[in-house]
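Chains here go by letter, A, B, C and D, matching the order in which they are written, and residues are numbered from 1 within each.
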């Protein structure tokens, strides 16, 4: 048949599977979001509606991919953590990256009108309560997979993102206070903050603007953590239903099906809490649970 | 600073650049589209509105990435061909795949209401002319990059997709005629067609249903080709402005800027034509043009 | 300069670094060794001189690469385990694979005359004690890197190789007894053994040939384990001097130098012991030692 | 069986096949050769015996791998070019790299006594004509694969290596003349040559030492080219017997066998000629021959 003659071109599709037993993080990032923030007059330093839109999109992604054990978001980025034993899409790198990032993009675009509404007191708009119309270029997100071989390193990855959130937020909060309430030009504000430490910024906020950084909303300081909450009664024996490597092939299919349903029914929560300390993880042992004997 | 302690996790992000001097195809594919077709009562075997929606989304993608020299689409898939010398995103595989597929997804979702309108004579809907509301799961597309080292092989890839379009369309046209006008159950129709050759299907269509396959719309038989049309007066000396490998680094920046603008201004056309024969390419030499001395 | 014009070809050399924090196994395998065994009349089922030659070559490789923590060999293959935190050759896959396999090949060729000597009672040779001359094709070994993300999985890899050694050796011992002492043709022997379990083979060996498999030499049954033996007084605090990921960049260089010297001075031992059970590892905690807090 | 339990570790062996239709260069490089040159008192700037040893080893490698169409060597490196359509080892990167580099290493070590003989007039040795004994560390070579998508780029690669040979040789010839006949210290000679152009070095050689660089041996100036010489009567229709991509699977096996034998019988030559200009290639069209219609 005509098509077999050209079918050899398939041989150029090379395998890109991620090695087993690695936690897979798909991190998505807003493309050209500094411009988008300007175009839609996002509130500075944080636009709560936009963050809640990000979170709503993330919740849908987590809901849809039951092998995502946790997601962490801040600013225009979100990290989705797939369990180290996931076999989704045979762990193909591009398939995972594009499936997650297109779903996130679709959710972000479609949910936009639910969140991006003109708020009271927003002097830029005459009519409060009206949806802010989305225009081209539509918001999109690129994405990439990173494999982390150990739970400990995955947690360091998440610490890295949350520390980054804190650092940026403290800087931005100070910067925009200086600019808006200083008032000062952006360039001057930048110079002013150059080389300052965390405590210097805290001091500037408090002494000049009466702002207590610690009292700032947690969503700004900590970012957002999305996960399945099974409450107290976690009954799967502590491994979240994850079979080990060895069993992967055999696998009790009916048990896996039962587990999948349990995940689909679970309540998905969004919290703005510290994930750097151990407390969060100790209280929710199922999130990064691995099969007994594979604690690593 | 807190963050340097965890920054080592960046070392797990491995390079995935595609080797230079390869044509890069990003092929996107609808996720779960057989279900989506059912949910929204897509016309069988072809839903023209849906195909035109695909094409409209593709046009926007081509418009946005000036290094895409051609796109080819059929059914729920689209292939975007980046010039072999593109340096976009440093040719990073995941970045290319996710940027193209998220933009396509966003376009598809946002353009949906422009195309998916209830048509006259569509007995399934009471009210003609009303938009068919999109519901979750939103349409999304996975994507992957494939690198083709030679122009000839890239053309074989495109032949492969267009031959595939033809084969599927002939089968589907026959199948749905047998089912709808036979009438016959799907299973019986499948049995009936098993092992038939192209000429058998043509014969079935003609003798039983009076359908002349050759008279079917070109968009169904050939799929859709999207490219920049510079008309007759192609003034760049036949290489589409593509510098060779050697010049890539030095490169006359101003010339590249001029070239980019020219591409942005060019008219993007959608045609349903044969790209298997040489004629298409001979008449539009700029599409796969390479620098002189690099004809390969 | 002339050369800068062509220097762009370097861009085709793509990165192939192995992700950090993975144990790296370089496994080398004899190329065309079934023919080589025949050419040089290797004793069947095991040629002790040839195995000792393999071990001697492996010892030199371990001696030369201080980041190899253990090597395991059987038949014509050897696995060299690099510590998960090694930064040798920036963890480049091909560089590691070729450096280890060429050194092993050179050792094997150059050490050949020290081991491949005609033995007493070898009726095939007139003159006992003379070196068996090596001829083309010289013995060579291909090699490959595999990354194991967890200590547990690395140990499963080693179990896999040692179990393979046992299985093959039991089969070969039975097969060659049946062939040589049966006597029986190879084809008949193969048929005879088809489908037999371990206990069946043990029984055949004992009842027909008076061979007690358990009394066979350990080197045949267990293969060979090569590692640095620091004896009882392991003074580095149990992590073999391996800094963690975080410290990798800073790293106390002088401490690393000291550690390297310690390794270079250490006695390298070859043992034919069980590495499937925990005992071996518990008694030699330094072999797979990782930094405190990185037990995984 | 015991072994199936651990067999899952094979899943960590990831595919590393090189995309079809790319020319594959395996370049091997002496490890620690500056030290080796000192240890064995290699003549400076060029040791002809050592170069001939390299060439002899390369010839054996070319002889052994019939898919190598050409090899180019200079100093302690050699590049082996596999035809773009080779299917050897399924084009696996590590397998190709280690097979070539271990064979080269074995040849180098085993051929050493044939070449490294004390020469007349070599004042460093008392006894002329005696083999220079090889000692540990044995000479070894690392290796790497690079894929080149076009014939033109492959040729640029080879130009790059030959230009590099010329540049280094001119520098080294001048440097060592200045040092040995200046006489001058190495540091002073380095300073003297800093920033000089080719013509300056030619001038220094001629005016100070009466050395006409152009009269230097070709092997030093051009390096060494190894290939199969079929003489005038190349009867395979100009494609060296290389089937195209499409035929690869079907392939007339008997024709391929015939072709392989033809290659094995062909005379392998070593020449010190210009491969930068087109002449070399035009006169030996079979070397980079591709199937008709695949000129690229």
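FYI, contacts are C-beta pairs under 8 Å (C-beta built on N, C-alpha and C of every residue); 3 or more make two chains touch, one makes a residue touch a chain.
Just so we're on the same page, UniProt names per chain: A, B, C, D = tRNA(His) guanylyltransferase.
Predicted, not measured: the structure shown is a model, and the values here were computed from it.
Engineer: Any chance you could name the chains that touch chain A and chain B both?
Structural biologist: Both-contact set = C, D.
Engineer: If you average the Cα atoms per chain, which one ends up farthest from chain B?
Structural biologist: The chain farthest from chain B, judged by C-alpha centres, is C.
Engineer: Between chain A and chain D, what's the gap in Å when you average each chain's C-alpha atoms?
Structural biologist: 51
Engineer: How many angstrom lie between the centres of chain C and chain D, each centre taken as the mean Cα position?
Structural biologist: So the centroids are 30 Å from each other.
Engineer: Using mean CA coordinates as chain centres, what's the chain A-chain C distance in Å?
Structural biologist: So the centre of chain A lies 44 Å away from the centre of chain C.
Engineer: Identify all positions of chain A at which a residue touches two or more other chains, and write them in rising order.
Structural biologist: In chain A, the residues touching two or more other chains are 8, 12, 19, 21, 147, 153, 245.
Engineer: Any idea which chain C residues touch chain B in the complex?
Structural biologist: Checking each residue of chain C against chain B gives 5, 8, 11-12, 14-15, 17, 19-21, 245-246, 248-249.
Engineer: Quick one: which bits of chain D touch chain C in the complex? Just the residue numbers, please.
Structural biologist: Listed in rising order, the residues are 1-3, 5-9, 12-13, 16, 28, 31, 60, 64, 93-95, 97-99, 101-107, 109-110, 134, 136-148, 153, 156-157, 159-160, 163-164, 166-167.
Engineer: Which stretch or stretches of chain A touch chain C in the complex?
Structural biologist: Residue positions touching the partner: 19, 21-22, 147, 149-153, 245, 293-296.
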